[in-house]
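Before we start, here is the structure in question, set down as structure tokens.
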């Protein structure tokens, strides 16, 4: 399998006469594997590969391995592990490749990481934050399986604890509603206490088209990854944290803090980033934060 | 009138044996006055006072004048002008007093200045942002008068243009609904375009108790003002911008940018701010940003 | 003008070789005219026509007059007066023609007349019912003019008083939001009291496509009108009340009571109504209520 | 156990010197039992009692049995079986007692059975009706257990199929959110198709206090039951269907059809019903439907 994946990348590179390839994982969520001691080093992981150990080597890991072995930058837009296991982080460093993930932040969690800091800044105590997500595309069908949605749900609730500094009651549901198709609809209820413990509420309803929200982030990140490769950056691209629910090695989950990191990088590099896309967050960065 | 106001402040200070008094304007919104050339200098303004010119000297201006003349720090929590006219800014400087305003940010605009940056950061183009506010307290009754709500509405829509960099269609309604009492209920519809111009929506409903949201901000700002006075700070306290819809001399309307200014001040002063209140945003500042 | 309208109807009838024509008013709302003594009889009204009295003879009246004079059945889907003035009711009777209106019920008012009876049946006291409507089509543009929306707003609030038996606080706003196009978006807040005067709320958001909601009603009513004509029915077709915000000569505003009237008619006639359209409410009537 | 329950009823009756007692089941939902052949006759059921067969005789059945044996009218406000098994229906008839249930209709299902007929009447095809319920009282805690909520969920979804005549996609969630206490908060999304299959949506948010909504219904039903007993009515009181999610032996789930049955009874009896409570639906019946 690994060799097939590597050959496909080589063929693609050759056919389009490319200097560098960025591999992006956009598959549906996998069941959460049991990541443990045998993922801890590259040689352990390669041992698993040689054993063809399907329970411990998930498709996202196999694809990430193939990408890094072929010298590709790598982006993981899904909640699956991809390159985010110690053995593959080691491989990326050894291959001197930039990479990042996990789990693109396009809807409910985007709004959550935007709104939650407001409650912290005003010292409004969030008692409960309940979220209901509905969608009807293939992703929704896969997430209807409790095994497959576990990783995503953890990413969705963990951000609150991080931003608020405590754990409010928080259930997140993902329901498969076929008629909605690609139109992710989410309703969140935030029940919070103010001065003298008076309870209040904020509710929001998000109606967004998942693919349309994801596509420009993927395009931008491919450019960011290619740029990082040219700058000889190696390992996790922490400055891309704002695009992910579970950004590798980044602690602060506030959208704003993460977005400033994206701006700061550009200052450090001392030359304005040239991505051409009009839908790019980088452009925004310029005008607003630099 | 001015003398009555000044005498009341002196009596209060004497009776409670205070070193320093902070005056806070918490009255209902005034009709918007015609602020012009005759408000440009302190001497012009005092000329208006001596003429007892009621059309050009509103109650909020008169009270701000009395406060500053009595050596008080001054906070304006309302959309009325208060000290935010050139003649009174001059007086504050001359009296070496700190002050700030205008228009406390407690509900819909708080959420708006939190959410709007998200659309900018993701380059999601806001086509329309429509807001409907309802409340049933005395403030609601006053704002039911179109003259009185004009200043507030301007503060509520202006923040979007500032944060987004363009002017979406935006109407803001404030309706007096007696049965709601102090429970401000606001519904906002945000109609935005993503990649390939696909339209999407975000709606939110805010149900907050206005007094409960305002009170802790007022308490904190009285402490901040007293602290600034002890530090010999003079003029507008820009670091308090995050508490206001229309912060004096501050350009950036993003809640996050404003909140960081509050944190930065404390770093500059090089001694951790000691406000005692557990509901204080300053405390939050420490743990999160410093 | 009248002669032009009548000629257009005659040409249409001739060109398509029709036995009978049903005229439907689907124009935008007019400014509310001053309906008074001079509209009370047919001869008074014809006197106004002969004077070419534009302030008292609105376009909807003129078109209704032309339709009835040409022997057409007539439906008024708008809040404009159309045939609902005494002089034209007289003309319809004299011409032995069926007709009905006013103001098609397709969105917020449809939901309102469905939900309001629930509060009455449970003796839940509605304190406030606030409605905010937004739309961006030509109809929205016309209704942005306070004169034009007056009739519509009256129709929208009056239904509550009728169903509940008392007048809750109720403001209805109609805002023109161009980006929404034909997608009428309405948000209603219902603030009500239960046992021991405990306040509670129900909110709803309606996102409907106006034309798509109106079109099948118009098609069905054309069939109902043609059927009534064949049955030699004369005057207001009260059994069509459920399709209108302000049904002529019908008191009860509950959607359910009105819908039963539609079913009852069919029983009375003793032959099942044969409308062919699959989108017809008549079909529903059969299976559910008869 | 049965004897203890019967003794408690006798003591209560004696102590308060009552002519007649109405027993109301207001306990939390039971796990759904396996109702089958051994519940089919009274003698079978009494055999189960004599065997002390705890898996097949649930607490609600035992209490209903005790009530009917003591000559009490019986109301079951819960989703548990209570008297709604063949053996106990037989006992009620034999004892000449009126009774009714199951599962009081106070919140989301009340709104659902009000709104669903509107979609049927307009031939708007409901593709999906998704409901999310949250509450934090003891009832919520019990329903957090999947076994206990099964009966309630079935009652909540079944009403749609009945009213619409087909089965839309419909998931109903009940989440235990402690901070909400008795304030049941429900959000429903209705995704429907109109003319030419254009998809549209209606959402509602219900914020109701469960006990406050239930209490007046219980008071009214105790009066209705006592009245029925005096009128020598025997068996299920079908005219009380409008108060229940799963009314015994009633087919039509539309709130309006059920409410008319309540009014019709009163006409039949030919004397206006004298319930004294100002919060009684009966009073409403008079003015509106009779």
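Going in written order, the chains are labelled A, B, C and D, and every chain counts its residues from 1.
Assume a residue touches a chain if its C-beta (ideal position, glycine included) is under 8 Å from a C-beta of that chain, and two chains touch if they have at least 3 such contacts.
Fair warning: this is a prediction, and the values are worked out from it, not measured in the lab.
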Mutual neighbours - chains that touch chain A and chain B alike: none
Interface with more contacting C-beta pairs, comparing B-C to C-D: C-D
Centroid-based (C-alpha) most distant chain relative to chain A: C
Mean-CA-position distance for chain D and chain B (Å): 52
Rounded Å distance between chain B and chain C, as computed from the means of their C-alpha atoms: 47
Whole-Å gap separating chain C and chain D, where each centre is the average of the chain's CA atoms: 38
Residue numbers of chain B (touch at least two other chains): 201, 203, 205, 207
Touching pairs among all chains present in the structure: A-B, A-D, B-C, C-D
Contacting residues of chain C [partner chain B, same complex]: 127-128, 130, 132, 134, 169, 171, 173, 175, 177-180, 185, 187, 189, 191, 199, 201, 203, 205, 207
Chain A contact footprint on chain B (complex, rising order): 110-111, 114-115, 117-118, 120-123, 165, 194-196, 198, 200-209, 212-213, 215-216, 242, 254-256, 259, 278-281, 283-284, 287-288
